[in-house]
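Worksheet: the structure to be examined is printed underneath.
Letters A, B and C name the chains as they come in the text, with residue numbers starting at 1 for each one.
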Amino acid sequence: MAFFSTLFSQIINGLQSGSIYALVALGYSMVYGIIMLLNFAHGDIIMVGAYVVWMSMTSFGLHPLPSILLAVVVSTLLGVVIEKVAYAPLRSSPRLSLLITAIGISFLLENGFQLIFGAGAKVVPPLIEGPTFKIAGASVSTPALVTLAVTVVIMIGLTLLVQKTKLGRAMRAVSEDMGAAQLMGVNINTTISFTFALGSALAAVASALYLSSYAQASPTMGSMLGLKAFVAAVLGGIGSLPGAMLGGFVIGLAEALVSAVGLSVWKDGVVFAILIVVLLVRPSGLLGKPMKEKV
Amino acid sequence: MKQTVKRIPMPVRYLINTVLIALLVFGSTAYVNGGGVSGYITKVLMVIGINIILAVSLNVATGYLGQLPLGHAGFMAVGAYTGGIFLKAVNASELGGAGYAAAIAAALVLSGLVAAFFGIIIGVPALRLRGDYLAIITLGFGEIIRVVLTNIDDLLGFKLTYGASGLKRIPKITSYFNVLVCVVLTCLVIHLIMKSRHGRAILAIRENEIAAESCGVRTTYYKVMAFTLSAFFAGVAGCLYAGYLGSLQPTTFGFMKSIEILVMVVLGGMGSMLGSILSAITLTALPEALRAFEDYRMVAYSLVLVLVMIFKPTGLMGQYDFSLSRILEKLLNLGKKSKKEG
Amino acid sequence: MADKKEKLVAVEGGVIPERDAGTPPVLEARHLGIDFGGLTAVDDFNFIIGKTEIGGLIGPNGAGKTTIFNLLTNVYQPTRGKILVNGVDTRGKKTYEVNRMGIARTFQNIRLFKALPVLDNVLVGMQGASGYHMGAAVLRLPVYWKQEKDAREKALELLSIFGMEHLADTPAGSLPYGAQRRLEIVRALATDPKVLLLDEPAAGMNPSETAELMENIRKIRDEFEIAVVLIEHDMNLVMGICEGIAVLNYGQIIAKGTPEEIRNNPLVIEAYLGRKEGAAGC
């Protein structure tokens, strides 16, 4: 019985961290789908969002909700500015140069924040307070429930946005064929900016959800989190939104289950091993479309 | 007016180059060992040498083959631990004279071979996939290596890598001289391979894989070969690194280390060995020179990276490569011209 | 010039020029077909090419001509049917192996090694011919020097077919368009093929360049004694040098024969011009 309740609470943990991975993975996936860039700076947007929440709560004494909103706004702007300043000039350059630029931006954010705020972690006051529930012998915290609920709502909203709205249609068109979309009157620059804005906003939400259970902000917090979210995006099929969501949950659950059997030090290894196996069997990821080169 | 361009015949070229390189190696070693530079500078020079080997070897996979491996530090780690464990096992620091030299040579070769073996294991499945997928698989490999090195002792119950506490008391075999010899050999071997039919096949794959295969190039074979070659020299660099530091931590060989090496290659200009060498020197020496500005140097480093990419996306040297003979020829022809005019 | 063209004679599997009737066909496709996710791109494609034949593959855009080249070189694996090169089945072979069996090709969208010099483009084509090992390269053994020298000389000789030997050190990507197409042919020839597949060799060329190309294709055939199959939209070129022509529409052969037969075939005219337009000179 004790085993099952441990298992159950690990599944809840897995779903909770999986939600965060999924939200971040969406940003990677959307950007890759549109400009074929592994946006390494995406993980650091999470970090920036966390610092905004921390500052507005501790320095300005704001309530959690406006702090989170502020973080979303700042992150969104940052995402768009990074795209305009660093990525847009390189749109016709070799893709590797674009990738290095993204890595450079990622370094810049991490080291810049370290310079300003120091290398130590900042403790963020509790964002979501509430009782811990007992379900089937396992304890489930309020932040875990809120994380799950928020993620589900966002995913439904995002799916509707991409499927039903004009901007969503433009996004899909650009990722299918940028040249053709441009000829059909889609404004490429607006669409790309919108994609970055959307991805960054999701990252800020993920950041708030992360803080609600881990309550710490540090300059390098985004790098491992981002790397795993990126793995989630690839696992699910990069460029595919349902894939990113699925990948996030798979990674979260896999980590939780590896911890549940007492091998938590191996969990990073397991995550990457799953990735390698999936890619070798299905190179386009779980839900991705296979790509074929035209001869 | 007919202009005759003076060309140096092949054997003479090789002779000139060999003499110049030997002069460089022995002359500079004599200078360094004779106390011409401080101990600190000698150390920086050794790190520069190790980084040159790493960058030049990654350039084979990235610049020449056109792939994007993100796990070069993983191969370096494999080489470092192989070399470290071997050197401890044979107790290299206790050996004298010829035995000491043989132990070093054996450690370097062994490290390279084990890393190359991992290169084949990763390369065969990964190189079937195109583009970014290779990047992602090698990234995963690098991370797995790190996790394995940290935890393997606990799992299997022996004392090999000493996990997170690190492999300590490795004989410090790395000297200015043997780093320099390894740098020269690495560059030479890669250069000689690239200027042969094998090198042309690798470049052809980068330029257009389908066309290369249609011309009879065994694409899979050459991709794995270039990848393995790249891993081999990363392993050698790892061994030198182990013998330089005297202790190893798995965390040293994380994703960031791989990125650091990649940055050297791209900044120098992909496909240019000279570029890799110059940027390995610059990017190692610059942070050292900026030590006084400790807090700002990493910010400056990342800014430089972004700015170079925005304003010179092909890297500083593009695909330009350095040829000693070409410069000599130019000088010869200049001399002739001015004589005629005079 | 037209009198140099020979009569076609029937052999098992199809027709080939009379002079090749004594030797087995060099290339043969039997009931070849490929589906892409339920869509049939090529179906029941049959043809044979004589040892020194110049064959043509024509048809409207999207008829599946390039797909057939991709099948013949095993870039795509056929869903149905088989391909024989000198009587040997190519099933399961890699593209480079098919090349070494004697099939070389050019590409419709030029695929040169752009950053490499013209000479190196040709030398890559000789990959299969020179065999020194990596060790020989690193140690610069005599075999390296000898084979490199021989390959270089042969490459320059091949380039001289199109008078391009003076361009040997130019990067291939900076050649003018027509020269790039010619270089692709030289590179294909360097692999020492039995059959040369040319995908729209005259695309983007002006009439005088096309006429010169026509001469050169014939010269290559005579000098190297190989077969040539070309996909082309320029009807002057096709009718001028091809001995046997196959017309493809919607992935199927709708007509085969000599240029005269094809010119007068109502099905062909219809495929090109649509049902109602009626006759117009090709």
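FYI, a contact is a pair of C-beta atoms (placed from the backbone, for glycine too) under 8 Å apart; a residue touches a chain by one contact, two chains touch by 3 or more.
Since the structure is predicted, the reported quantities are computational estimates derived from the model, not experimental observations.
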Judged by C-alpha centres, the chain sitting nearest the middle of the protein is B
Computing the C-alpha centre of each chain, which chain sits at the greatest distance from chain A?
C
Per the C-alpha means, the centres of chain A and chain B lie apart by a whole-Å value of 34
Chain B to chain C: how many Å between their CA centres?
42
What whole-number Å value describes the gap between the mean CA coordinates of chain A and chain C?
50
Two-or-more-chain contact residues of chain C, please, as numbers and ranges.
75, 107
Which residues does chain B have that touch at least 2 chains other than itself?
210
Chain A: positions in contact with at least two other chains:
295
Chain A partner contacts - residues on chain B that touch it in the complex:
62, 68, 125, 129-130, 132-133, 135-137, 139-141, 143-144, 146-148, 150-151, 154, 210, 255-256, 259, 262-263, 266-267, 270, 295-296, 298-299, 301-303, 305-306, 309-310, 313-315
In the complex, chain A touches chain B at residues 36, 38, 86, 89-90, 93-94, 96-101, 103-105, 107-108, 111-112, 114-115, 223, 227, 231, 234, 238, 265-266, 268-269, 272-273, 275-276, 279-280, 283, 293, 295
Contact set on chain B toward chain C in their complex:
10, 14, 189, 192-193, 196-201, 203-204, 207-208, 210-219, 225, 271, 319
Contact set on chain C toward chain B in their complex
73, 75, 94-96, 99-100, 104-105, 107, 111-116, 120, 123-128, 130, 132, 134, 137-138, 140, 144-145, 147-148, 151, 187-188, 190-191
